[in-house]
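What follows is a single structure, and I will ask about it in a moment.
For clarity, chains are labelled A, B, C, D and E in written order, and residue numbers in each chain start from 1.
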Amino acid sequence: MKSYIVFIKGLWRENPVFRQILGMCPTLAVTGYLSNGIAMGLAVVFVLVASSTVISIFRRLIPKQVRMPTFIVIIATFVVLVDYFLRANYPFLSKKLGPYVPLIVVNCIIMGRQEAFSSKNPVWLSFLDALGMGIGFTLALVILSTVREILGFGTLLGHPVLGQWFTPWVIMALPPGAFLSLGVILGINNTFQKKSTR
Amino acid sequence: MKKLSFPGGVHPAEAKLTASAPIENLPLPEKVVIPLQQHIGAPNNPTVKKGDEVFTGTLIGKGDAFVSSPVFSSVTGKVVEIGNFFHPVTGKGIAVAIERKEEEVLDPAIKPVEDPENAEKEVLLETIRAKGIVGMGGATFPTHVKLSPPPSKPIDTLIINGAECEPYLTCDDRLMIESGQEIIKGVKIIQKILNPEKTFIAIEENKPEAISSLQKLLEENMEIVVVKTKYPQGGEKQLIKAILKRDVPSGGLPLDIGIVVQNVGTCFAIYEAVYRGKPLYERVVTVTGEVNNPRNLRVRLGTPVSCLVEFCGGLKEGVNQVIFGGPMMGIAQISLDTPIIKGTSGVLALKRKEFPPEYPCIRCARCVDVCPTSILPTQLAKIVKFEKWDLLEEYHLMDCIECGCCVYVCPSNIPIVQYIKAGKDKLRRMKK
Amino acid sequence: MDFLLIFLAALTTQNIVFAYFLGICPYLGVSRKLDTALGMGMAVTFVMTITALFSWPIFYLILIPRNLPYLELPVFILVIASLVQFLEMYFRKAIPHLYSALGIYLPLITTNCAILGVALFMVLKKYDFIHSLFYTFSTGLGFSLALLIMAGIREDLDLAPVPKNLKGAPLALIIAGLLALAFMGFSGLVKGG
Amino acid sequence: MKLVVTTSPHIRSSLSLQKVMYTVILCLLPALFWGIYYFHIRALFLLITCSISTVVTEIIFKKVRKKPVSIGDGSALLTGVLLAMVLPPYLPLWMAALGGFVAISLGKEVFGGLGYNIFNPALLGRAFLMAAFPVQLTTWGIPARASWTSLDAITRATPLATTLPKFSGNGLYPLQKLLFGLHPGSMGEVFSIGLIVGGLILIALRIADFRIPLAAFLTLVILSSIFYFTGENYPSPSFHLLAGGFLLGALFMATDPVTTPYTKKGRWVFGMGMGALIVFIRLFGGYPEGVMYSILIMNAFTPLINRLTRPLPLGGKK
Amino acid sequence: MNYRVKMILTLLVVGAFSGGSLSFVYNKMLPKIEANLKKEIENSLLLLVPAASYKETSFQGKRVFVCRDKAGEVVGYAIIGKGGGFQGEISLLIALDKEGKKILGIDILESQETPGLGAKIDEPFFKKQFKEREAEKLEVIKGKAEKENDIEAITGATISSRAVVSIVNNYVAILKEFVEQNR
């Protein structure tokens, strides 16, 4: 039961984007297309799960004084792995995500989970926690990029979904559209969260 | 003579209905109710008790503190009650009710100062204190306190305030026209106490008769300055700014920069105290607005306002508001039984229409433009409204003089002064 | 001219916040008050410039000659983390008044992705050393500008009946969007970069 | 007798919020009527669409937030009218409606409603549309047929778009055409004389403060003169003043009290910044017209300008 | 164990592990990444010039390609041109025929133009306009092209269209010079 909660909380109740307002930069930057959003989400899931697991395994061996640098190096290693993997195998995607892949390293979600969870909890729970948070993050990216791609291009994953009559709202593909739609989605989400916790 | 002014301010319709009405004596009322607290400062205690017989001018209340001012009986009669009565400023307050006897007898203690022209400074000051003289412009700050600046702050300029910038009011105007000589003598007494290098008598340009009549009586080392007709020209700091272009430091007093400002009505009262030995038990009140015959009246303190209204032919049909003071800073009264006190310069009857609703501020900044102290009234109102108390001082709340210019011009009908007063209250409580 | 273009672009069209979405967390977090925004802006500008000062030589004089470009990321982030730590210690001891002005913001900076981002961009844009310094400095100023505007607006909105559900991050994001919309007016004004 | 007790002051000036809003709308009428006359019935449809959209949006927001509906103050209507006036007359109506919705929702209600918004709502609505539908927002036209009810249009470029950046004299659009509004453009921006008259009345009535328009005017004239007289192929100051949205923007948008500084010094700064930005965006920027963006950008700076020009209280220390 | 020793040891181990794994991955991926980069230009190049092989050289600091057919005959030249667009830098591949008289075509390599608007410079209807043009100065026009050297602007994206044409004009001139010298 407990492990189930550890996993599920990241999806909604403690969703890193919607509830904790973390990892804003990639959330805004790469959500013009759903495909980018998914790719970024998966990259974060990989880095988060891998580094959480590794750190949890060695949590007793890492001295307190060098915790931060150790974490950073471990995270950075996995980030570079993902970056090169994408560059080699998905050059098109890698180009679109640009510098935001290396920037995963400073994504506060990842460092936050290490500090708050995996440096204190056993491997299995750390893995679940990271997976939950990662999927929660991906979920947020999917929601935002779906809205932006449909309104901004009239397509979803590149396929036209709204037909000829629709005039794309170019703004949704631009920075203002990213900020505005995330702001509005957060506002709507606040309304629902308040209702459900009442 | 040049027209002098200060930045900001408003110019509502002057409505000086009684500018040419001579001061008349109001017939003595049957009963007076004299509040013990008629000044700013420490409270007074009654010196009479129920059943006591009093003469006109008998001391009935005093305090021991330096910043206090005694009150006197304004009629000859019997104390019938000491209790809680209507008070024009505080709503309710301790007052002495006296039933008048037919025959008027002056208290034997009333004696003029001997050889007032050559009296000692200390004697004059003591007389002013003992006769209960306070600022007659409405502030009611004990005059002897204002005339006793600490030695570290020498006074170089005396300003006599005859601006009377509030619309409707004419009591100072009439006093200057009719009792110019007495006022000038009062000014000379103040000069003697303070020994200023310069003395200015400031009068708004809309009072030509007062200007010319005083002009003839001027003595050496006095100068009349004509100031622009604009509200609140009569505010101390505004008057100083207009005449001397000097700024009273924020949170400070005029005497910090060597200036004392006195109202013309106060000068007249000082004259009466010194030359006639008369305690402050009557004053001139303008009864105006929606009354049938607006007049300037000499009224015994403690007279209920209903007597004044009746003497002026009663209220017009539809009047629903009676204000003590002018329309800009006066205080609306609950009852016509409220007595006239030392600071009551006018009684104004108005037909007040339905309250307009308060709309959101549209930042038109009219209040900023008219604010005579150059603060941001609308921001202060919002700060109070949204309870961001920590911002109050940053926005100079305490500098507000509550003149009401901002509310007068506000298109959204925001009671800014009310918010500011609430903010001042809060700030005082937080400091404690 | 080169420098002017870099400078103007960093403030407007290529603004690190409005165009690249970097440093959003501190942008949302530290923009409630003008004073703190000013402090944070100055601290970020300072650290960004210092980062370029150190990471440019490390990258071009150590990593590239040894064919170790893949160490760019771990090295940069370690440089930033240790720089911030070192600066904090140094300020506290040597320049206390600067510490009281900037010091409290320094720990927040490690997690500011704008710093790492600007170091990565500096390499991507192939700037030489002087241009890199100027670029990072200008970007810091651009960040400060965005922060100050936002703080000014949010201070105003402290005195507004903002809908409850929008308070905080949602409204800040919407304002950022509107600012980005207004800043579109600059586009084309500064070409290239 | 019952006496009413209110706080001082007990008299008020005769100005009210409604009076401010409706006076502005009245002063807009000359330019508005000309726009409808010149662009025919489609312009009228545009006006109606925008007005309904802004008013309905405001009602919905007030209802949802359970606040009293304050349509009577006329501010939502004014936003709608202004929005219609800055849009191309032949814009698809659903886009205009979306613009009105955005103007009120994102431009005003998210900040707490009237008086609290940071940006000019009408311009924000237009900026949103400009970013969302740049093609439609830069497609201008004149009526295709003389018939008043004809809905067809012929596409024509606005003077600013045709003559910038390659400018050689007033060309197609001589001064008198610009003055009388005989050229394509936004519905409410073309009739220069009407805007000048309306704006001057507004300033004379002290509904609008003269500082921002004057500062913007002077800055625009001085800067554009410098370019005109020293460089080649730059438009004349008079062209700058009349050909685009400057008059409507400076006289009616930049005098919106809510989104402009409340200090006198600040208003000068605002106007100068606005004038300078217009010239730079028009001459060197990516857009042919810069009035909207210059006002929005200065709106963003307004809280900072206010803060920096906050007056010292009488006798206050620095 | 002394905690200092432990600290340093930990960092060393982590650093070594990280460096090792990264070096391994980097060396494994590098050929692929380089191939990707090469392929990107190659794809564009072969789209524009019917060539069997090409050789990259440098001319005035620009990247220039000489294309040959199976027989080794020169069939065309190409150059990578760069310039400022509406948002950021635009980088193009421009190809000329072997005489340096006609433009064979252009392709967009990199751009940050507005999606859905300026980004349309990468769409065939726009790029096609450059095909078979005389290698002379081209001009952007709004609406229908009338003159020989007119290029129709993308509706709503005049700036981006102008940027592309100006890059093309600049780099065609450079490439023509190269062709002159190498004929």
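A few remarks follow.
Just so we're on the same page, contacts are C-beta pairs under 8 Å (C-beta built on N, C-alpha and C of every residue); 3 or more make two chains touch, one makes a residue touch a chain.
Worth saying up front: this structure is predicted, and the values here are computed from it rather than measured.
Taken together, subunit B and subunit C share the touching chains D.
The most distant chain from subunit B is E, comparing centres defined as mean Cα coordinates. The most central chain, judged by the distance from its Cα centroid to the centroid of all protein Cα atoms shown, is D.
Centre-to-centre spacing of subunit A and subunit E amounts to 32 Å, using the average Cα coordinate of each chain.
Centre-to-centre spacing of subunit D and subunit E amounts to 43 Å, using the average Cα coordinate of each chain.
The distance from the centre of subunit B to the centre of subunit E, each centre being the mean of the chain's C-alpha atoms, comes to 85 Å.
In terms of their C-alpha centroids, the spacing between subunit A and subunit D amounts to 41 Å. The residues of subunit E that reach two or more other chains are 18, 22, 25-26, 86, 114, 117, 159, listed in rising order. Shown for subunit A are the residues that touch two or more other chains, namely 69, 73, 76-77, 80, 84, 170-171, 174, 176-177, 180.
For subunit C, residues touching at least two other chains, in rising order: 70, 74, 160-161, 163, 166, 171, 174, 177-178, 181, 184, 187-188.
Contacts between chains, counted with the stated touch criterion, involve the pairs A-C, A-D, A-E, B-C, B-D, C-D, C-E, D-E.
Put simply, subunit B touches subunit C in their complex at residues 379, 382-383, 385-386, 388, 391.
Subunit C contributes residues 158-161 to its touches with subunit B in the complex.
Subunit D makes touch with subunit A in their complex at residues 92, 95, 106, 128, 131-134, 136.
Contacts from subunit E toward subunit C in the complex involve residues 18-19, 22-23, 25-26, 83-89, 159, 163. Across the complex, subunit E is touched by residues 134-135, 138-139, 157, 286 of subunit D.
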